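The structure appears below as structure tokens.
In order of appearance the chains are A, B and C, and numbering begins at 1 in each one.
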Amino acid sequence: MLQIRGLKVAYGHIQALHGIDLDAKAGEITAIIGSNGAGKTSTLMAISGLAPITGGEIKFEGQTISAIPAHAITRLGITHILEGRQLFADQSVEDNLILGGYSRIGKDKAAVMAAVEREMDRFPILRQRRKQQAGTLSGGEQQMLAMSRGLMSEPKFLLMDEPSMGLAPLIVQEIARTIRMLKDSGRAILLVEQMAAVALGLADRAYVLESGKVTITGTGAELARDPEVKRAYLGG
Amino acid sequence: MRLPLLAATGPMGWLGIVAAALTVYALPLVLDDAFFILVMQSLAYLYIVAIGIDILVGWTGQISIGHAGLYAVGAYTSALLTTKAGFSFWASAPLGVVAAGIAGGLLALPSLRAKGPYLAMVTLAFGFMVEVTANRWDFTGGPMGIMSIPGPRLPSGEEMDGTEYFWLIGGTAIVVQVLTANLYRSRIGRTLFALQGSEVAAETVGINVYAWKVLAFVLSSVCAGLGGVFFAHQNGFINSDTFVFGLSVQLLTSALMGGSGTLFGPLVGSVILNLLPTIFAHLHEYQLYIYGGIILVTIVFMPRGIVGSLLQLNVVRGLLPKPAAIAPDPSVIAELREGARPTVTVRDLSKHFGGIRALNNVDISIKPGTVHGLIGPNGSGKSTFVNVVTGIYKPTSGEVEVAGKQVGGSSPHGMARSGITRTFQSIRLFGDLSVLNNVMVGFHLQLRYGFLSHLFQTAGAVAEEERYRRRAMALLEFVGIADRAEDLAQNLSYGEQRRLEIARGLATKPKLLLLDEPAAGVNPTELHYLADVIGRIKAAGVTQVVIEHHMELIMGISDTISVLDFGQKIAEGTATEVRANPKVIEAYLGAPAEGETHG
Amino acid sequence: MFANIWQAVISGLSIGSIYALIAQGYYVTYITTSTLNFGQGEFLMIGAMIGLTAYVVLGVPFPLALLIAVVATGLMGIALERIAIRPVLRHVLTHSWVLSTLAISIILKNGAVSLWGPEQIRFPSPFGEEVLKIGNAGIFPQELFIIVCALGTVAAVQLFLKKSILGKAMMAVAHNRNAAAVMGIDVKRMVILAFMLSSALAGLGGILIAPVTFAWAYMGTVPGIKAFAAAIFGGLENPVGILIGGLLIGLLEQLFGVINSNLKEGITFLFILIMLAFRPTGLMGRRTVEKV
């Protein structure tokens, strides 16, 4: 579904990615794990058109998308759920969801409104908070809203950046359940996580990034057993 | 034998001064035309004002669209003193300058915390206040203004003629330029440029940012007042029509267009803007088109101004004299060990943002001379910890103690005085300063010579600068970037910038140096270098706290590691202990997903 | 005396609502780009002059003249964004936009002098010059029209931003550019829209105010700056604060005008200086904590 070859990203003097290769298959969860600053977020941002690509190629369903601007990428069926939620904090929960469907609201407003209801069924707490400003939600609720907002555009392919960040373990479990359900509904997911155990438990295939390079790849189960992964995190 | 005033002046500088003096002398003699001389007078005093704007805008990074007000204060003070109190020009002129300086100091007060458009508003409001006051107040003559303002008299008692007055203004302009150049090259200019680069970073090396901003405002106002004085006595008549918003814009433009922060930008900008109306006098109807068009084109295509853009060209840079090599003075390294090496204790520290407990009752004791690692997942409170300990945030509760003395809760520059400084996760260097000067700013609290010494380049001040340049060089050598000393900090690679931040921090002679994610964005080769530098700092006896995500690095260098999660300390110990601690593993790797166990 | 005060209140509200209207324009561009058009006053002037040409010279009905003025200034806003904002946004100097927009305003002033001459031109009010007596105070119907029209527009802009999908998308860009982009919102277009809206608001202000003042090339500078003061007073990111700021400044200068005409011009600026000394981001502005 998605092929990355030799991807390089640099912000001015800072080279974030030194040429990585990665494949994500339809219907699978692909995980990218690694410690902070390894280049996980840059990879996702390059795919969604937010990071400056300085080399290499990204193909989605056979089409090269490296040069397409961010707002147009969304229309291809890729949605990026950003690190740290990045909600529109002053706007209501409902407005956040509607904006998630922005790319198709011109064509079919009813479908977007139906999707709002569907997402509120998915996370009933969002219905209770419907008119509340997104910034007033708790961390876990914000993550749910961020995921729902991302699903509003009916993506075929989801990029998820650190959905567990700053969340209590119980909520992380719930988020993980939702990710599994999304996979079961046929979506491909590229998951970036610092919490390796969570990610590897979910992933069909996983990549370990270190300092802008892929150092280990394998199935989720393989990597979960690999002591090298722990080393990548805690050294030793 | 060298004159103190011109201590830093090389042969090129002397040549320049002589050439400028000759030009000022010859211009009215060669082009002996009353109108032309008048234009040249205006050019010279507006140039002085533009220099002042450059100090405020180009050096310090503030903005002013109300300088006409300060210019007016100088003009009216001198005009009123001569016409109403019978002062001579020679007595009223300095008072006009002082009055403008005081007005600038007052203007600084609402400007200190205001930024961007808010600061623009403060200056603009000030400019309007002055204009309206001048226009409406009987004392300032209202719209009729003040008439028959006497010009300066020669010792013979005769009033100066146009040529002599031009010599006076032109000569003053040369003096102002020389003094400004002295400041530019000295500690004073460096500190003001540091404010522009990063106010936060300037604070963390001990600079009282507010006080220095006031200085920039006062200096700028003094120049504006001086220009205003010359204006008032030029035609013998002033009224409020001169001191309008448009003048403020023109003055700002001449500094920015010429190239702000470049020393000669104001001259170039003033010449262009003041001669244009004369050159295009016959195109009277299109004058504003030309003026607006020139501003727009220079701003869009030469964002650094004319001189600034020229300096970007390698050809031009090749022509500039090469700075002499500086012999490093390694005693600075040895002195890092001097004095008491206290234990730094953080007791029961909490920081809440609204309902969020970013830091919750954290106790950490940092032993002297050790490297203390601080790790934790994203959002665990590490950055908040650094910000509270370095005074950038006020703690909600708890204490920071250096050698048993409470220092918590003071400003960052106060913390720097207590011996705590830091580097930044997102690098904060003074980008427009050279690498060497970035380190020099770090010596701020140790330098003894102040404003006047530097303004007049006294032997003591010059020697002190020289001494510290050698020490700065030794610090650059210590972190391995001595070869880049004369480059602009913004042109360094990421890893080099990180090391420069460390060198700047060391320059403050810290009792505790906090490194906030020094490895972020650094490539593997540089990483080894970084570990090596941290090791050498430890060997030099400086206590360090290192916040890091890069585990290999932190596990390798730390004597003790504290682990934060959700704002609380969950573990502490050696690398091996921490790595084996199940709480830490869970915080980092997470508990396995629930689904895994079921299926 | 009482009649004077009552009259000053109405005049203050009417001029204040113009300030509030223009200041809304500062608000929409500031939240989306952190820049604003320092030549907003000249867009006001152009709105008045185009309105004058359409209404007085060409004899177009007033509502249509108003529409023409608003659309024309709106289109000029697109040009402004392209010429003076977009090229300087990534500049090393963060203040470039101040001068680039001021440069446009200087050019526009010259343009207006070339086209319409430097004289003050009377703009007849579509509601006549007859003074309405309310109590013992005399009020021009145009002043009432200004209040209704300007405040109505301010409300409409806020409704647009809060309720319409396009407005919500614009606010989304203001809150978080990256998040907006991954929702499929074209950030560039939203920025253009913001400048279009901002300029159109100024143009509307011009055609509203011209019958009370005069129409001429230099009419815009002072209202543009007073509106800037209003926006700063309220806090550039707070539309309610801006509305209050506009009305308050209008009232303040008219009321002080009753006491002493010399105080009228200076009071706004004295007021704003004092306020900023205590609240450097405006009355209701967010206090920013620099993230390090």
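Observations on the structure shown:
Rule of thumb we're sticking to: contacts are C-beta pairs under 8 Å (C-beta built on N, C-alpha and C of every residue); 3 or more make two chains touch, one makes a residue touch a chain.
Predicted model, so just to flag it, every value in this text is computed and none were measured.
Chain pairs A-B and A-C differ in how many C-beta pairs they share in contact, with the greater number at A-B. The central chain here, found by comparing per-chain C-alpha centres with the mean of all protein C-alpha atoms, is B.
Measuring from the averaged C-alpha position of subunit B to that of subunit C gives a distance of 34 Å. Centre to centre, using the average C-alpha position, subunit A and subunit C are separated by 42 Å.
Remark: subunit C residues 30, 34, 36, 83-84, 87-88, 91-96, 98-100, 102-107, 109-111, 113-114, 221, 225, 228-229, 232, 236, 262, 265-266, 268-270, 272-274, 276-277, 280-282, 285, 288-290, 292 touch subunit B in the complex. Subunit B meets subunit A in the complex at residues 377-379, 492-494, 497, 517, 519-521, 523-524, 527, 549-556, 566, 575, 579, 584-586, 588-596. On subunit A, the positions that touch subunit C within their shared complex are 48-50, 69-75, 79-80, 82, 86-91, 95, 98-100, 102-103, 105, 149, 153. Residue ranges on subunit C touching subunit A, taken from their complex, read 165, 168-169, 171-172, 175-176, 178-187.
Of all residues in subunit B, those touching subunit C in their complex are 57, 63, 65, 109-110, 112-118, 120-122, 124-126, 128-129, 132-133, 135-137, 200, 245, 249, 252-253, 256, 260, 285-289, 291-293, 295-296, 299-300, 303-304, 383, 387, 392-393, 424-426, 428.
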